[in-house]
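What follows is a structure written as structure tokens; I'll ask about it next.
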Amino acid sequence: MFDAILLQFLNGLDKGGAYALIALGLTLVFGTLGVVNFAHGALFMLGAFCAVAFRQILTLETVTIDPTQLNPWGQPLEIRTPLVQGWFGDFGAVLVDWSVPVSILLAIPVMALLGIAFERGLIKHFYKRPHAEQILVTFGLAIVLQEIVKSVFGANPIPQPMPAALQGAADIGALIGLTPGVITYPLWRLVYFLFSLGIIGGVFAFLRFTTFGMVVRAGMADRETVGLLGINISRRFTFMFGLASVVAGLAGVMYTPLLPPNYHLGMDFLVLSFVVVVVGGMGSLPGAVAAGFLLGILQSFASMTEVKAIVPGIDQIIIYLVAVVILLVRPRGLLGRRGVMEA
Amino acid sequence: MSHTKVFGRRSVLRGGLAGILATSTMPLFFTRGAYAQEFCNAPTGDTVTFGFNLPLTGAYAEEGADEQKAYELAVKHLNGEGDGGLINTLKPTVLKGNGLLGKKVVFVTGDTATKADQARASATRMIERDGAIMITGGSSSSEAIAVQGLCQEMGVIFMAGLTHSNDTTGKDKKRYGFRHFFNAYMSGIALGPELAKAYGKDRRAYHLTADYTWGWTQEESMRQATEALGWQTAQAVKTPLGAGDFSQYLTPVLNSGADVLILNHYGNDMVNSLTQAVQFGMRDKQVNGKQFEIVVPLFSELMAKGAGPAIKGIFGTSNWHWALPDEGSKAFTKSFGAEYGSPPSQAAHTAYVQAILYADAVERAGTFYPPAVIKALEDFEFDGAGNGPTLYRGADHQCFKNVLVVRGNESPTSQYDVLNVVREVPREEVTYDPAIFGGDLGPAEPVPLCA
Amino acid sequence: MTIALNTAVTTAPATGAAPFLSVRDIHAYYGESYIVQGVSFSIEEGEILALLGRNGAGKTSTMRAIARLDNPSLQQGEIWLGGKPLHKMKSHEAARAGVQLVPEDRRIIAGLTVEENLLLARVAPGHGWSLERIYQLFPRLAERRRQEGVTLSGGEQQMLAIARALARDLKLLLLDEPYEGLAPVIVHEIEKTLHEIRALGITTIIVEQNAIAALRLSDRAVILDTGEVAFEGSAADVLENADLRHEYLAI
Amino acid sequence: MGNLVSKLSLSRRDLLLLLAFGAAVLLMPLWLSPFGAAYPDLLQKFVIYAIFAVGFNLLFGLTGYLSFGHAAFLGAGSYAAVWSFKLLSMDALPALIFAVAISGIFALVIGYLSLRRSGIYFSILTLAFAQMSYNLAYSVLTPITNGETGLQLALDDPRVLDRALGPQPEGLPVPHLLGLELTGYTGFFFCALVLILAFYITVKIFSSPFGLMLRAIKSNQNRMGYMGFDTKPYALTVFVISGMFAGLAGALLAITDPLAGAERMQWTASGEVVLMTILGGVGTLVGPALGAVVIKYFENIFSAFNDQILSNAFAFVPEGLRETVVAIVGKFVGEGWHLTLGLIFVLVVVFLPGGIMEGIRRIMSLFRRAQRPAKGAPARIQPAE
């Protein structure tokens, strides 16, 4: 039983990491810009497709047709040679193998640019509009983004293999002195969890220890007063939107080996991430992170057979149930400040 | 632009576009003439419209895309274009590749999004708006059952595409619905002995089951088959369709004491759950002193491709495989490969065969009148469409033919060479009594008049 | 005593040149509520002006409009500060032009330490007092520099808010209710600070419920009533005119 | 006319609007024909979703509460109607009554809880409730909902009332109204009459003191002011009415096609009705219905365009260029129609927050101004509200 609980706990961590990263970005945007961004899930999805695009570029092939040979269904045989491997040899092969982590290098500038473009081009005009209109315009943006991805990459999920070295499972049980083989945990999930911790730590350190971060924290707390002190906060907020979209994008990149990305990925995560943000407390960064992990772990536990035997269907609704209870009992969420959109 | 696909004269789409582009009032050329016809969408012009209802998005989208290719190929062959494909090998057949009863075959398509509700809406649209004489397609059993019910109400024949639930031709069978694909029960019968041979008779199985009609019947059939071998069932857990991340359902397997995991998943769900199970190190585990094994009772080459190396050595069943050596299979693979550059999947095969069989039945009946076509299909015995001699059983509209037990290829030579056929289980072994699943076909006549 | 204070620092001749701050017929709205309905007044450099009136007369709104905050929205009128058109600026631009509002609820930023609150004022171009000088004036803040700003007592928060303004290159100080919600002892302390600042000759507008205390600090007074200027004159006039005080200030 | 005004107790303007609306709805098969949209299934969808949107607008348009979970009531209505068919009778009336009652009770519970919060918290609460309903309908409630497959009629359904009244015909029965089968155009006209009735109720609510009270809630929310009374009972009442409209629409979906699937409850379905309302014009009487028609039209007609149809349509373009044009346009129709929808949607929210109705208003005011320049001040146009 202890094994089972430990396993479910571990399993909640990587999912929780993804939730936390998405909620973190969502909160950065909400806390600084005051915008309820329904397109945030789409940014996660775009990040995932950065990984897809990167791999597709790496695996571009030249096709030559050999008319002398036939393939099994009787057509002339096509001989495919990958370009990158042709150019770089072994290094090319390694690059292809590690394409998902390496594509972070592509995702950072792409996501930052996209985020800044969205903010300057569209979101900026909605700071003073009601939340309902923000929801609607970003929802529209999300639809547009996912449809563009669909028309470029198709409707089907595109599996992204993880590096061969990280394909196995780690024997966590043996590490902590239990019988080997009892508690195994996929390496990549462990990597994802650590990666999410790293990003979260990085974002927090940035906000904590830099002047820029101090200004942003101040802006999240009281945007008006920061303006009174002569600081043009909106320019920094544009940067924050870029940062939030990078965070969401990287969360998406690294998630691809766990779940083959499709154009609909963003919408699947969107509802969830809002619930996470609300549970954590709107506008609270530590709240978003804590709630992300909490809900990931709760969701994991709710899927245990023993739990489902007591409350049938709990695995399907646990997230929403928690959201409802929190909203009704403590509307500012776990760590939210009093008065933030409270009513 | 090749004009191989022509659309029905009555297709109002052109009118729709013109209406938008010109915003002019065009003559009311959309007239149904419903009162003149004796049955739904009786073809009056020189064309006849097939309705292809396909999951172009959603969990089974990949299958849908392959089905669409196959249907378009079938229409070509029926109209005498291309190399004729199965028309040359089907025995008996009266098809000559000159259209259908002298009319050119045209088609419309609709996206079902792998959802029953949408599938039904899309089928309704094709029947009411586009005048489809026959609906075919789908790659989920819930879609098939929903659309089959609709077709019964509308009096339009439904040739099910990829549907493997026992219910489609069991509890939910309909007079107007026909299935060429095999079902979960047959998978169980075919797969059981092979599993016993490979993994022994003392095993504990853990089922993860897609939570809908197909998953339920597949789980039931697999339990029956494996428990008959002496296996125990440790646990059977239902997972939501399209869950994506199955890890939270997989972790409990690790310490359940089970030594076999049976994945009653299909499409992307199966690709995800299988690769994730492998990521959890399940295939390297030893449980109860035995090697832990994973079984995927129903899989296709498309899924095998998606799952990549995870599929190696995994047992399952298939309706058909492109490498089968018979004439029909060879002919179909050849013309499909020539057209699209890849071998057809089992979904493509069943879709193609269904379209051809419907056409053949119409030709034999000499009319599009559905009750006559139904009569022509019922208890029709044919060969040369792959899987050996085949019977379209009249009692439940289920095809009976050989079933393939397949196994993931350990050393594929190409990206399509992912499955090996372990055994072709003869039709006699998988034939069962239609009474075991109950259900009622309902009447063929009077033919309901759609709108 | 009160009158004596009044004349002490009066400098700056109004010799035909444009006044230092000139508010010309401003109209401002909160949503659809019409709050400031055509207010005009002006101040000379170094002058201290008390802006008085009952609750809802539009005092705070006028100050916020001068500081160019988004609410209330200034829909008509002009505000000139030393030849710069404030009415065309956003709040951060007005701040860089030298306007500093010390808001009535202090607006100490949560999550930032005392020192960070001060450092924040030195991020944008246009620095004023150094931290050392500020800490000299407010030794209490120096003691608590590592403490979170919002955990300070009311009086200390008020000091911090004023200190924050001093950290900027300050040309016009807007003090909104500096004594509000403070115990009498603390009020006295703040009052002392304000007199020290007054000696520096910073142009100031002060809004205060405690009109007498405000007038003691000021050279001139403007009384607002339902969004319009009801009276303009010297601080002494108001102190001496009981009818005026009674009619517009209810004291 | 005056007599009718007093009977319906509507103002003259409202009565004219009702008559015009009714005529437009009933004549849909004629005027939609040139647009290729005059076939029964689509016509039924138009009017049913119009009911859904009109009801949603009662809540969102009047009170400003943005519910992101209204699809739950639609789904509940559908399930209730199908169960009524299965257990009682194929007659539409019990199904309608049953569905409206069930969705009303459902809305009462969800509304009571959700209205304890406002703003985005209200939206997320409704969303959470709807997602719970959807997920449960999909899984543990399968005995009631038949899960993924959806609830369908079966030959061996009890249908107590029908069987008590006489022997049943062979085959699956069809929903009917006192013997009149509600399929095809009959089904459409039945739904159309229900829509007109629903519209009449909406007009009444808009012009009633109750409607004024609801608008007060909205401005109250926006201006952060306060009123001297408890607004919650009013908000809850309109939430329940709005939920009943959704249930009514759900029942009509089941009546015209007796199948109820869980997808009807999914949040995307809730999002769709929000889109319809916004696109048409929030808070206007006709807007939401118009938005419903436009979106369903796109969904059905635009989505079915494919390359062949496009290349026929662009036959006038020279051969070389045509494929490019078709390829580009093809991204926006057919499977890409959602892209068009998303773009239109963004454009509407950015440039025309009042939706189509505001667009009409602007065009009309331009038109009037051009027509009567002598009058000086722009004429105040009353839109067809």
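Chains here go by letter, A, B, C and D, matching the order in which they are written, and residues are numbered from 1 within each.
The rule is short, and it goes like this: a residue touches a chain if its C-beta (ideal position, glycine included) is under 8 Å from a C-beta of that chain, and two chains touch if they have at least 3 such contacts.
Because the structure is a prediction, the values reported are computed rather than measured.
Asks: Would you pick out the chains that touch subunit C and also touch subunit D?
Replies: A
Asks: Starting at subunit B, find the fewest moves between touching chains needed to arrive at subunit D.
Replies: The distance in steps between these two chains is 1.
Asks: Considering only mean CA positions as chain centres, point out the chain farthest from subunit C.
Replies: Max centre-to-centre separation from subunit C belongs to B.
Asks: Counting C-beta pairs in contact, which two chains come out on top?
Replies: B-D
Asks: What is the distance, in whole Å, between the centres of subunit A and subunit D, each centre taken as the mean of its C-alpha atoms?
Replies: Distance between chain centres: 34 Å.
Asks: Can you work out the whole-Å distance between the CA centroids of subunit A and subunit C?
Replies: The mean C-alpha positions of subunit A and subunit C differ by 47 Å.
Asks: With chain centres defined as C-alpha means, what is the inter-centre distance between subunit B and subunit C in Å?
Replies: 78
Asks: Considering subunit D alone, which of its residues make contact with at least two other chains?
Replies: Residues 135, 138-139, 222, 335 of subunit D each touch two or more of the other chains.
Asks: If I count partner chains per residue in subunit A, which residues reach a count of at least 2?
Replies: 150, 155, 316
Asks: Give me the residues of subunit B that touch two or more other chains.
Replies: 56-57, 240
Asks: Which of the residues in subunit B end up touching subunit D in this complex?
Replies: 1, 3, 5-7, 11-21, 24-26, 28, 30, 32, 34, 56-57, 108-111, 115-118, 120-121, 124-125, 128-129, 140-142, 145-146, 149-150, 152-153, 172, 211-213, 238, 240-241, 440, 442-443, 448, 450-451
Asks: For subunit A, which residues count as touching subunit B in their complex?
Replies: 3-4, 7-8, 10-12, 14-15, 71-75, 78, 150, 155-157, 159, 161, 167-169, 181-186, 188-189, 258-260, 264, 268, 299-300, 303-305, 315-316
Asks: Would you pull the subunit D residues touching subunit B in the complex into a rising list?
Replies: 30, 33-42, 45, 135, 138-139, 142, 147-150, 152-153, 155-156, 170-172, 174, 183-185, 257, 259, 261, 263-264, 300-301, 303-313, 322-323, 326, 335
Asks: Along subunit C, where are the residues that touch subunit A in the complex?
Replies: Residues in contact with subunit A: 67, 69-70, 90-92, 95-96, 100-101, 103, 107, 109-112, 116, 119-121, 123-126, 164, 168.
Asks: Which residues of subunit A touch subunit C in their complex?
Replies: 128, 211, 214-215, 217-218, 221-222, 224-233, 337
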